[in-house]
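Next come two complexes built around subunit A: one with subunit B, the other with subunit C.
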Partner chain A sequence: MIRYLARRAAHGLLMLFGVSILLFLLFQAAPGDFLSDARVNSQISAETLAQLRVQYGLDQPLPVRYWQWLKSSAKGEFGYSFAYNTPASTLLWPRARNTLLLSVPALLISWLIAVPLGVFAAGWKGRWADRLFSSGTSALLALPDVLIALLALLIALKTGIFPVGGMTSINAQDQGTWAWLRDLGWHMVLPVGAIVIGSLAIILRHVRASIIELMDSSYMRAAEGHGLPRFKLLFGYALPAAANPLISLFGLSVALLLSVSLLIEVVMSWPGIGPLLLEAIMARDLFVVIGAVMLSTVFLVAGNLLGDVLLYAFDPRIRRQA
Partner chain B sequence: MTSGKLSLPKPEPLLRVSALSVDYDAVGGNMVHAVRQLDLEIAGGESVGVLGESGSGKSSLALAIIRLLPKNACVVSGRIDYRGRSLAEFSPAELRAMCGAEVSLISQEPALALNPVLSLGRQLADVLLAHRKFTRQEVKARCNEMLCQVGFDDPGRVMRAYPHELSGGQRQRVAIAQALICRPKLLIADEPFSALDAATQAEILELLQRLKRDLGLAMLFITHNAGTVAALADNIVIMREGEAIARGTMETLQASGDEYVQGILFPEKSLANATHKEQPLVSGAPLLQVQGLSKKFVQKRMLSRKQFVVQSLEGIDLELAAGSTVAVLGRSGSGKSTLARCLAGFEAPDLGEILLDGNPVTEKKRDPRWQTKVQMIFQDAATSLNPRFTARQVVAEPLEIARWKSEAERMARAMKLMEEVGLDPEWAARLAGEFSGGQRQRLSLARALAADPKLLIMDEALSGLDMPLQAQMVRLLMELQARHGLTYLYISHDLNFISLFAREVVVMNAGRIVERTTPEKLAESMHPATRELVEASERLHAPGMEAAV
Partner chain C sequence: MNAPTPAFSGLRSTKFGSKLTWAIWFLLVVHAVVVLAGFVAPYSFETQEREHPYAPPTRLHFVDCSGKFHFRPFVYVTKASENDLNEYQQDCSQPAGIEFFAQGDRYTILGMFTSTRHLFGVQSPASLFLMGTDGFGRDQFSRLLYGGQVSLFAGFVAAAFSALAGLLLGGIAGMYGGRVDDMAMRFAEIFITIPWFYLLIAVRAFLPLQISPLTAFLLVVSVIGIVGWSRPARLVRGVILSARERNFVLAARGFGASNAYLLKKHLMPLTFRVLLTQMAVLIPQFILAEVILSFLGLGIGEPFPSWGNMLAQAQQYHVLVSYWWMLLPGLAPVPVFLAYHSLAETLQERIKSYI
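What follows is the complex of A and B.
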């Protein structure tokens, strides 16, 4: 078990290295840098620009810059933000926490909804309930995430029940921990809801499809032949057997969720990684962009690692091979 | 057995099937009549055997009784009464209550009848709990008792185990325990043996005989093997193309003059007349030499550092002369398949050397010559062929991989190969999934021959087929061997046709070769592993069958 996990973690680490190298190369290939805007500004002299380039280390060749980034990452700083004049980590950590605050509940809620609903839809395959369900998920799939976020904002505006964007009210901190938490929770409702709606349909469809495929297998037919109740067949027999591909999907769904959440954060002004990333890309704030993308990769790797642990726990056959 | 019944007025039978017809909606809108106007009666405690070739509608009959027919099948006419009440009147809840508790089914493939991710104890207990309420202790006690009854000495371990940790025979016994734990009145067994080795088959057969006697179980026993049916059934129905063409006791049927009935009761008779026993001339040079081959597998458990090493092959030495046929016998788990997989290059051996034509093959995966010289045919043609390929694609694929000549020439060769294995080249555009079991095995044979191999490894290639089909395949294989000078390594658990086919027999047990002999001397062997196989195979065959060989 330990060795299996260690091997998986090592794979993840290798992937992180690969992603960071790729990011540096991509940035090198992209035109312009942080100083591009300054260059067109006639009030800034060429000497100052050259001085700034040296100061930011932009004059160094790529391998040197990469090596310096690695050294600073080892210190936990992950490079330096040109725009904010601080180590990138001081920008990234609070943002990462806020993003997790949205995506972890959204992940749990989507799966808690998707699994039972998908199993039921599979159990009623072909009936009106299933058809309704299938057209519903198709509609959800067709809906762009931006639209969902905008709709959520519209609801907030029209009803006035929910706050319109942001993470906390201005005076929330002053009213004690409980009031602050309640306020935070209230702000989370709409963004989490929007992320869930944005990612639910895909998961649901996968759950339904895997269960339907299994219901035709000979052991499900055998269990049916033994007179097992339908509910037990679906949830006690089909679901554990279908768990294997679904758990793999769980790992991948972390990536899906992150991509949905980045967009929704931007639209609903949630101070997560999304707005920071957007801002940093616009300003070509090299290390912040790299840091933000690396963080997403870390979440993704962690999600997959979690999936591997779950697989190991759920499937006796994997335990044997591992 | 039947004499006692005649004197009494006939009681209401447990199950009565009258004029049952089942149709299948096949691909392309054709209707296939799987069962036609079938009548059948089973009294309490009586066992009825249904005997027929594959495709004769036997399984559809079983599935129709417990209403588990696939979606594309439907009962078009007739009725099925259980204790005088038509099954059509049963509500879904009543039907569910009946299945498993009153009537239960043992399905064909034990490996597939159990959920792979649930412990066996849970799967057994769930059947019990689905029909009656019990406390935890009662459930455990009953499961233990049932597992002992089906012949396990350590029920506790079996309850904790998962299906993949047991052998095929053990799994089949758990499936039987599942079927019997609610003490049903009627057991429907659909080819319960077809996937088991001969020794296990004999054990399960004995178990069913004992349970039938002890529990007063009525049985509907569906098979293609005349031997098992003779051992178990009071009355026999022979089915052909969905119709019952003969019925009666074994004795009356054996005396019947019908050619088809004789063919199905004594499949080896027809073969013995048709084949010539001379072997093709053997050139002296060995085609394949195996020296000291070893392979082991390691198993682990969650949260435990303990490893179970499963030694699969240990110090195997084997030599195959070009143009000869060597049979490898052994019960399941004896390492036969691992040997085949090592020789075919699917597994890398831990130790030892494999020489083909005198050249050592170490990096065989990278040597395309090895791949074309050695071809393998698997037990289950249904899963080893891509069902979405057409027959022509299936046969031509190895040629494509080898970049053999042009597209047109490949197609022509594929057609020729199909003809050679007895398939109509007109069917070349049909999908592999649309062929019957026997035809699919012919298709895999054509595919294996496409690359012009020297050695053909057949891993239980005939075991999934019924006897008449096996006989046809053996005949075909012998013809092909004579024509192309092929060398066969024939791996099997049963002794059917071995004496007609193989020149040398190697018996394996627990990963080692325990005996080398010839088919003629097999019956006189003193080695316990060999004796077990020989005896099991004798018990399984109908009386009089040996005489036919």
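What follows is the complex of A and C.
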């Protein structure tokens, strides 16, 4: 168990290194930096600029900068935000928490909906329910996420039941923890719903496909031949057997969800990583950009690792290999 | 279980066929209309009618105010009402029939043909806004067509770009194997690991923000292509790895064919089918990528329309609430995506039935 997980974790860590190196290479290739705008400003002298450049370490060659970034990441700072004059981590952590606040419930809800629905559709393949379901997912797949986000916003604006954007009401903090939590939950409904709608179709399709693949296998036919009821066949036999592809998909669905969440956060002004990333890009605050992308990758790697743990727990075949 | 039996395979292939033709025809028509945007659209993408900001879609009439029926559809001249600028009133005394091959703004198609004839239009002072206007009084329908040029072709070119990159890198990885293969696939894995939007935006982040529209288009296309090359590369590698050991390849090798020759003459043609299918999967994704980049202000900028930057205007609350037609650019990709998805699905099933 430990060895298997250690191997998976090492792989994840290696991936993170690879991603960070890639990002730094891109960083190097980028024309201009945070200070290029200041160069046009006549108020700032060339000496000051040169000094700032030294202070921010922008005069160093790439490997040195990368090493320094690694050191600061080891301290948990993830480099330095030029625009806010703080370690990038002080910006990133609260945003990361907010993004998780959206994506974790969305992830759970999507899977809670997708698994039973997908299994049912696979079990009644080709019938009207399945056809309805297939056209539903096709329609959902074709709907751009941006539009889903805008429609959610429109619902908030038109009905007035849900708050329009943001994470909490202005005075929510003063009314005690309970009221604050309720307010937060109320703000979460629409963004979480939009993320679920944006990512559900793909998950559903994969669940259906992996169950259908199983249904053709000989042992499922044998079980069917023994006269087991359809329900038990699907949920008692097919679903556990499909654990392996489904759990691998779980890891991948984290990536999907994070991507959808970025857009929803931006449109619905949820203070997550997405809006921070955009702001940082506009301000050329590149360490924050790197930090935000790295964080999203960390979430993804963590999701995959969680998938591995689940797989280990559910699939005895893995245990024998390890 | 009603498993498909081989007896139905003939039937199924004709069903594939009809679905395929439907999707291909639809896509061809859409792309043709978009290329001919100058002719089909009644206005140019930058014509501003300042007296008609946020005008709702113009109503086509067959029956005039006095109840008389006309065969030629016509519109009435509209004017913003004096006490509420958001309300437009029809002027019954000024009808204007829809004219075909009407004179209008000058346009150029494919940089070659210049003309002022449009498929349809109305004489000013009347105006024809099939999908309403935006805040500058620009015709949404015309801009949607011009925007399609950007969005649809950005997706297409980017997909071709990443398929080509995938073919090269995947081909080399599959052919040479060993360490080269390891390196290439690890590299590809890095690209797959990062959540897609984040990578897309990050790659865009390292490139200049203020650029000309043409550069922006090329930039967006290459960013999307760079981010998306890894999946086709993996697929190509898989095909080549398995094909490398097939008899005709071994025979060619026995005759002294070099790796490069084998790759070019025998192996890469085998990947054609997989790549084509992959293109059908990638194009809608990449169209969406362009729409999102432009929506976030990182893609093609004003005054040039793209479905993304047109939709960005709907982010303002008052626009979103009051002018529903501003959401139409978000719906425009839906039929295109449906067609591409159905194309990809049928192609995928075909590949499965070949193997």
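Structural remarks
Throughout what follows, the second predicted complex is superposed on the first by the 320 of 322 C-alpha atoms of A that agree within 3 Å, B and C clash if a C-alpha of one lies under 4 Å from a C-alpha of the other, contacts with A are read in each partner's own complex, and residues count from 1 in each chain.
Basically, contacts are C-beta pairs under 8 Å (C-beta built on N, C-alpha and C of every residue); 3 or more make two chains touch, one makes a residue touch a chain.
From a predicted model like this one, the values you see are computed outputs, not experimental measurements.
By the touch criterion defined above, A:314 reaches subunit B but does not reach subunit C.
Using the contact criterion defined above for the overlaid structures, shared-chain residue A:1 touches subunit B, although it does not reach subunit C.
Put simply, more of the residues of subunit A are touched by C, taking subunit B and subunit C as the two choices.
Legend: residue contacts after superposition of the two complexes on their common chain; A:293 is shown touching subunit C, with no touch to subunit B.
Using the contact criterion defined above for the overlaid structures, shared-chain residue A:26 touches subunit C, although it does not reach subunit B.
In the superposed model, A:141 makes contact with subunit C only, not with subunit B.
Looking at the shared chain after the overlay, A:227 reaches subunit B, while subunit C stays out of its contact range.
Legend: residue contacts after superposition of the two complexes on their common chain; A:64 is shown touching neither subunit B nor subunit C. By the touch criterion defined above, A:129 lies against neither subunit B nor subunit C after alignment on the C-alpha atoms of chain A. After overlaying the two complexes on the shared chain, residue contacts for A:240 are found with subunit B alone; subunit C is out of touch. When the two complexes are laid over each other on chain A, subunit A has residues 221, 224 in contact with both subunit B and subunit C. Of all the residues in subunit B, the ones that touch subunit A in their complex are 66, 68, 96-101, 104-105, 107-109, 112-118, 123, 126-127, 130-131, 162, 164-165, 175, 178-179, 299-303. Only residues 15, 18-19, 22-23, 26-27, 29-32, 125-126, 138-139, 141-147, 150-151, 153-154, 157-158, 164, 215-216, 221, 224, 254-256, 258-260, 262-263, 266-267, 277-278, 280-282, 286, 289-290, 292-293, 296-297, 299-301 of subunit A touch subunit C when the two sit together in their complex. Across the interface of their complex, subunit B is touched by residues 1, 217-229, 232, 236-237, 240-241, 243-244, 312-317, 319-320, 322 of subunit A. By the touch rule above, subunit C contacts subunit A in their complex via residues 1-3, 186-187, 189-190, 193-199, 201-209, 284, 288, 291-292, 295-296, 298, 308, 311, 314-315, 317, 320-321, 327, 330-331, 333-335, 337-338, 341-342.
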